[in-house]
Amino acid sequence: MSDKHSIPGPLANEGLPLAERGLFCDAPPRQYQRANKITEAFWNWARAQSLWILGFGTGCGAIELRPLMTSRFDMYRYGIQPRPTPRQSSVFVIGGYASVKTLKRIVRSYEQMMGPKFVVALGSCTINGGMYWDSYNTIKRIDQYIPVDVYIAGCMPRPEALLAGFQELKRIIRAGRGEGQNEYARKFEWYKANQKQVIKDWNMPDYNW
Amino acid sequence: MITAILTRVGYALVSLFVITNYGLLLIGSMARISAKVQGRVGQPVWQPYLDIIKSTAKRNSISHGVMFYLGPVFRLAGGVGTYLFIPAVFGSALFRNFSDSGDLLLVMYFIFFGQLGMALGASEGGHPYSAIGVSRGLAQMTAFEVPFALSVIAVAIQYKTLDITAIVAAQQGGFLHWTVATNPVAVVAALIAFLGMSMHNPFSVVIAPQEIPIGPPTEYQSNLLGMLQTNRAIFNGAKLVLYMNLFFGGATSLPVMVIKTFLIYFINVFVGQAFPRLRVDQSIRFFLGAPTVIGVAGVIIALL
Amino acid sequence: MSRAKAPYIAPAERAAPDLDSGKYLVMWQGPNHPGITGNMSLRLVIEGDSVVDCETHVGYLHRGFEKLMERRLWMQNFPLVCRIAVPEPDFNEYCYAAALEELAGIEVPDKAVWLRTLSLEMIRLASFLMWIGGQAGAFGHGTIAQWSVTMRDYVLDLFEELTGGRIYHMYIIPGGVRGDVPAGFLRRVLETMDTVRKNLDDIELVMFHNVVYKMRAQGLGYIPPDWVDQYGITGPNARAAGLPRDLRKDLGYLAYPRLSFEPIVGTVSDAFERSRLRLLEMYQSIDLIRQIVDMLPARGAFRAKLPNPLHWKIPAGETYVAAECTRGEYGFYVVSDGGDKPRRVAVRGPSYTHGVALMERLARGVNIADVAGLMVSLHTYPPEIER
Amino acid sequence: MKELITSLANRYGVRDWKDLKAGQAACFVDSGRLRDCLRWLRDEAGYAHLSFATAIDQLERGVFTLTYALRNHERGHSLLVHSEIDRTRPVVDSIHRLWAQAWTYQREMKEWYGIDFPGSPRVDEEFVLEGWQGPPMMRRDFDSLAYSDATYAERPGRASSDPAEHMKRELYPEEQA
């Protein structure tokens, strides 16, 4: 990581084979200071106006992103556009239920995103398990594993609901409350413990920068 | 002397500022025009500004070593360098840049310099998509360079100079003096090469999101991405101005430049919306086929 | 095109590349990748620009439907089944409902039969419209995707009017359908069909007469006719190879025997032919929808009386109900042990064979730039592979 | 159809032929002769299309019922071939050489039921699950709800009333009495 501030203790990366541990970073995430009030307000305004969604359709909610991207609902109007790589995107849309296998990729992609990053979770199944409350393979609430800014309820949420959700996200960002990244760093150990409880074969670095 | 130099530098900076903004607005408005073709409203015209501010305002960024940083720097240097040695507006002190030093060859060198720098930096990112994108980008670049170089040679033969200002000067005095009227064949070759150069469809495989998301800039983020976005605007502007100068009689005032470059860029968008993209082997084969033949024909016509 | 005349047949045996030799690159396409359909991934071993070996990895969307269905009452399963294949929920509903009716011996009123046919044809059209956008998009033609997904949205509007839901309709319930057509609905169906048809003409012009699209798609992913049985290929993928296999004709379920249509058959099953065939099927769907609207009975019950769903015990038995969805044979195998919950429900999704075994074979020797296009040209939906 | 039934019975001891509906029948074959029977059906009887293959857990009887759905496109007839194997020793002959997609079904059955198909490609690899440590989850003695409750955190405040009970209360109050 490029920051030079003090870093809390290195991560163990126990899931990796010994030979590979040196290839990955062992620094946990850190919290970032906000800039002074006026600059931060300006930046937050720009962040709210340019939301780049990570193009990762994690669940069936992804099917309503297609209409949202195309001419009927046209999210580009609001400065929202899809972006294929986690490095460049700022919004992660969790499209509904997350199976354990997908959750692993969700965690990894989320950690690879550059902050400030925001998470929008779609559908009842991300909120409380929804229809799959008794399934052995889907988690019941996504905010145990990554911080969530906006939930959009429904099964599945309509494109209009998505647009409303994004407007809500914009309001949150402009008000300076979109601090999911710092939240994740602050409660890193808690999140990690939750993730490891569910992902039984943890074979990736503890923090993917 | 000092004052003269400072004035020149100041003028160049102003000119650079203007072309950056123009480039950004051009990208924004072209995105809006494409959206119209697709039946959408499209993003706001000023969206590229917001994206750049957003990218710069990112709190953290990661690095993959020194070369990784230098990639966008080289790219930006390539874009700025290209622009600074082209007269943006013929006969204007403010927009002539440093066109009296340096010639067409230097400008061509700068066009490819940025690509190479980007290639070095992106390969350092370690992502396989970056590496594949880079190799595709360089392969396609060598391919479209052939018709482009041929048409530049044709222009150079026709006007018997490599000095861009002189080439523009020779085209003054009405539409019939433009290269597009005197040697249309060379212009056709150059415009086809331009499609490849600006990486719009059907030659966009280098940055194709469906195949290798998204090619060389896969790992670039935050302020480095902001730099790349800025460069995209400058570089686009520079290439457009170069094409305008070489083939469409240059511009004697800013509005004329805006209109001409807008129309040249519009060709890209027009073609880009109507075609899928070619594979890299297909696009190489394409560029080395008909456009090269047309380019050679252009040179022959210029020789006659 | 030389490739179309002498198509490339992918090798049968898996290559065993020595990954440590430094000659090969292992590249994951997906799950976080815009060029993959849904949420699945391909592990590609590439040499230069061509794929040496491909492994499909599925399971990112596994929710354990078949387990969950064994835990729920017959009727409680009904909102669950439509979520198995997201873009085409109605086929799940139909297959499940028809299996239950068969086992329990329930007669479906004639009007419900017609309404079911209407709903199935409309979702076929919607799903194809979404697919063609994906196919064009996989080759980089975003304009087509923008047009066609919007057209799909207009069809979804019809569904919303008919059923109340955009994506999940839960319309075809055991015993009939959930509601009658609203007033003026049929007129709006016809109007929408006109709009869609007009747009399809545009798409055909821009896409199928496009030289670049031809260059990309012709000869890509060639399926010889003898693979069809070997790999269990169904639907347009098989019909493009020249076999007139259309379950709507073969099984003659619902109102299809009373409609006039012929299976559309291609000649050489490559990506171009398959996409052309699907375009023709879209026209066919529009035509069928018009026929259905003409012949739909105005009066009559749309739902049979069902027993109390809480005590609904279905006699022991088994049945396999299949229907022709956009991708091929979609089937539900339902086993009852006489209780109030299913003993076993197995879903046969056509993507299962197309997306795993066939895809792995076809990907061998393909340029990496074509993998996304090939994948889409087989028309797979991951949720029905893993359920 | 008559000849088919008799020749199947004579060759492979196929029994319990049952016409389920028009164009669909079911039959039963011993698991040892399953592969040969399927090969004969594919090559000689025209049942060339394998629709699906799956298993049913008959916990009470201690067996797995395997089901192979074949279809004869010329005759427009499909056939469900059943076979039974012991639940404690679930091993069957692999048919991956008969149909090129059969290995995926077998891989699925291996993962979901723990039925082994020796020789089937990649049969021991994980199919849809990743890092699964419980028993094969489609077996009827695996309780999905208990596993889910034990593993995944729940949002407090969700009242997980049984829908059947709820329906009973809200929709059919007369049955409460």
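For clarity, chains are labelled A, B, C and D in written order, and residue numbers in each chain start from 1.
The rule we apply is simple: contacts are C-beta pairs under 8 Å (C-beta built on N, C-alpha and C of every residue); 3 or more make two chains touch, one makes a residue touch a chain.
None of the values given here were measured: they were computed from a predicted structure.
Q: Any chance you could check whether A-D or A-B wins on number of contacting C-beta pairs?
A: Result: the pair with more contacts is A-B.
Q: Just curious, how far off is chain D from chain A if you go by their C-alpha centres, in Å?
A: Measuring from centre to centre gives 38 Å for this pair.
Q: Using Cα averages as centroids, what's the distance between chain A and chain B in whole Å?
A: Result: the chain centres lie 36 Å from each other.
Q: Quick check: how many Å separate the C-alpha centres of chain B and chain C?
A: Distance between chain centres, rounded to whole Å: 43 Å.
Q: Express in whole angstrom the distance between the two chain centres, defined as the mean CA positions of chain B and chain D.
A: So the centroids are 60 Å from each other.
Q: Which positions in chain D are in touch with at least two other chains?
A: Residue numbers touching two or more other chains: 128-130, 137, 142, 144-145.
Q: List, in ascending order, every residue of chain C touching at least 2 other chains.
A: Those would be 33-34, 59, 62, 64, 67-68, 71, 146-147, 150.
Q: Specify, in ascending order, the residues of chain A that touch 2 or more different other chains.
A: Residues 55, 70-71, 84, 101, 134-138.
Q: Looking at the whole structure, which two-chain pairs count as touching?
A: Inter-chain contacts occur between A-B, A-C, A-D, B-C, C-D.
Q: In the complex, go through chain C and note every residue touching chain D.
A: Chain C reaches chain D through residues 58-59, 62, 64, 66-68, 70-71, 73, 76, 102, 227, 229-232, 234, 243, 245, 250-251, 308-310, 317-320, 322, 329, 331, 333, 335, 343-344, 346, 348, 352-353, 356-358, 361, 386.
Q: Along chain D, where are the residues that touch chain C in the complex?
A: Interface residues on the chain D side: 20-21, 23-24, 26, 48-52, 54, 56-57, 67, 69, 73, 76, 78, 80, 99-101, 103-104, 126-130, 137-138, 140, 142, 144-145, 163-164, 167-168, 172, 175.
Q: Where on chain C is chain A touching in the complex?
A: 31-34, 38-39, 59-64, 67-68, 71, 79-80, 83, 86-87, 130, 133, 145-147, 149-150, 152-153, 156, 166-168, 383
Q: Can you list the chain D residues touching chain A in their complex?
A: The touching residues are 128-134, 137, 142, 144-145, 147-148, 151-155, 158, 160.
Q: Okay, in this complex, where on chain B does chain A touch?
A: Residues 31, 35, 38-44, 47, 50-51, 53-55, 57-63, 209, 213-214, 217-222, 225 of chain B touch chain A in their complex.
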